[in-house]
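Take a look at the structure below.
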Amino acid sequence: MSAASASLDAAQVASILARVAERRPRVHCLTNTVAQNVTANMLLAVGAIPSMASHPEEVAAVAAGAGAILINLGTISSEGERAIPKLLDVARERGLPLVLDPVFVELSPLRMRLAQAVLRLPGVSVRGNAAEMAALDPALARAQGVLRVTTGRIDRIEGAGSAYLVAHGHALMTRVTGLGCASSALVAACRTVEPDPALAAAAALTAYGIAGEIAAGRAAGPGSFAMHLIDALAGLDEAALAARMG
Amino acid sequence: MSAASASLDAAQVASILARVAERRPRVHCLTNTVAQNVTANMLLAVGAIPSMASHPEEVAAVAAGAGAILINLGTISSEGERAIPKLLDVARERGLPLVLDPVFVELSPLRMRLAQAVLRLPGVSVRGNAAEMAALDPALARAQGVLRVTTGRIDRIEGAGSAYLVAHGHALMTRVTGLGCASSALVAACRTVEPDPALAAAAALTAYGIAGEIAAGRAAGPGSFAMHLIDALAGLDEAALAARMG
Amino acid sequence: MSAASASLDAAQVASILARVAERRPRVHCLTNTVAQNVTANMLLAVGAIPSMASHPEEVAAVAAGAGAILINLGTISSEGERAIPKLLDVARERGLPLVLDPVFVELSPLRMRLAQAVLRLPGVSVRGNAAEMAALDPALARAQGVLRVTTGRIDRIEGAGSAYLVAHGHALMTRVTGLGCASSALVAACRTVEPDPALAAAAALTAYGIAGEIAAGRAAGPGSFAMHLIDALAGLDEAALAARMG
């Protein structure tokens, strides 16, 4: 049901999910306290392992052994702010993939400044909604090798030379807090096993969107939807993906 | 099933909920990390939008565009403590409604001092349980234009000249963490569309209590109750309200 | 289904749970922000009351009236770090039982240092997984009157003179974030009503594991499992325990 996602098939998505489930990568998440729990559960649902240390004295040591790093600016604290340069150092020294989620960057000069600092690292994947990505556009234009992942009714994934459109998901996904934040963590998890950042993001959002469609068919409202989404994501296989990828 | 709630009918509650769903007000919540997630989900269930920044450097900028502010003292941090005067300034300058939730104020001299500082602002709505409201009584007595919302088996809403009793809800609501905290956020959401603070609070607690009654009929325990409560709140309509408001 | 748990029968576990439900002890939890919500809900499910203050200026006052203290090192903040010595003072002065959960202690020199500081208090119960307990072994060997609770497929509880093996639980318990952390809070809750630390821990983990087995029979995946676990724990009685304790 998506234009350019013709180039992405169920076997590719299933293969990336299978590699995550097999290798069990750890994703270090500096993320907001509202979304931490659902983010951790979504990572666990695909077989990845979350770690969430943020104390400046330990964050580098804990993140060093991870397979990817997520920096989400929601409810950023002074301590989280001081953790960011340490995480950027770890990502640079170890060559770890880094995903930025610029929550509400359009509302806060502080978050804009922090997002700009993150984007000085080359090769960052940025996952945000249309308002966040528009506000961040000048910094994204300057960033080197950045992947733009703009989620909405149709997700647009735009990297150097490759692009995907993902037209999966359900309106209930906007009625539960933290589900956008959790999708950024899934992008990071898939990136640990797939070197092409655009393909990794497309696979993550396709799997997530299809899990959302399945969950919407089982849910009685946003409360039960969250639970069904985790169950559906944990149970996704190639047949279920193929059935909805047309 | 409530004495003075004779003056509140299903049409009034439904009208306030409809205005929230239509206008989608943002409620800025400085709230405890235990209750953030369920508070955000409860706001989303009625169509409001949560924001939860607390960093002193950004909290004023983020709260400035909100329709109301909630200050909840649970798990208050030094950083949250420094955010409070900034939120009070925003509320004063922009005339934003402010709701105070004095969690465990009876156990902590720090929280008592912070609650007293909040209550120097006129027109605050305070939502707490009997122990919290009793401990805060001297400060409430001094406060100007305060609305007292004491929740329990029967919720008492006492403002200047107007009073409501709300006798809805279910015992399971005390078995899930953060549900009291979330009710304070709903009071704030309703206040953004209803200028009478007592009516706004009565509508919020009536809707919440009735959603709790519906959820209790579907739940197998406190775990499933939380999910059904969100679903029931998201699905409330005038007919469902009328059926239980007698 | 457990070797040494021959010495633990359903009546003993049920008696400890009944005492918790009747006395409603408060457990003060300095715990990570990922697990706070599920920890609080698990305590409420057995009838205990959670409190989670961490501000160094109030943590002693709030913890003073609790029946037990939990220190969990996950997502430790600078402020939480400063709260630890204050909680140790309260535990020492009031003779309150203290449970330590050394999350990811093997990854962080900071957490190792904090765990060592906690273990200078005599009589601490420590609940961790095999990797955490192994990393902490030298400090545990030096600690006075410590109880080691190593959870995994079979939980090992080793105190001075008494030992239990608990072979209950389900693999889904490792697929939901915070469930290990929540088990440490249950150990603390049971310790408030049972003076023998090993028996308290064995009862807590037996009840939790059996609730997990019941929940696994009802769940469609890790999302619904969490909810069913809370429901099952809240509904446990001696008959349900006896049916699975053989």
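Letters A, B and C mark the chains as written, and numbering starts fresh at 1 in each.
One rule holds in what follows: contacts are C-beta pairs under 8 Å (C-beta built on N, C-alpha and C of every residue); 3 or more make two chains touch, one makes a residue touch a chain.
In this text, all values refer to a predicted model and were calculated from it rather than measured experimentally.
Undergrad: Over half of the interface residue numbers used by both subunit A and subunit B, so same, or under half, so different?
TA: Under half of the interface numbering overlaps between copies: different.
Undergrad: For subunit A superposed on subunit C via Cα atoms, how large is the rotation, as a multiple of 5°?
TA: Between subunit A and subunit C, the superposition angle is 120 degrees.
Undergrad: At what distance in angstrom does the C-alpha mean of subunit B lie from that of subunit A?
TA: Computed value for the inter-centroid distance: 32 Å.
Undergrad: Where in subunit C do residues touch at least two different other chains?
TA: Correct list: 33, 37, 77, 226-227.
Undergrad: Given the complex with subunit A, which residues does subunit B contribute to the contact?
TA: 33, 36-37, 40-41, 44-45, 50-58, 61-62, 65, 77, 79, 226-232, 234-235
Undergrad: Sort out for me which residues of subunit B touch subunit C in the complex.
TA: 32-35, 37-38, 74-78, 81, 104, 107-111, 175-178, 219-224, 226-227
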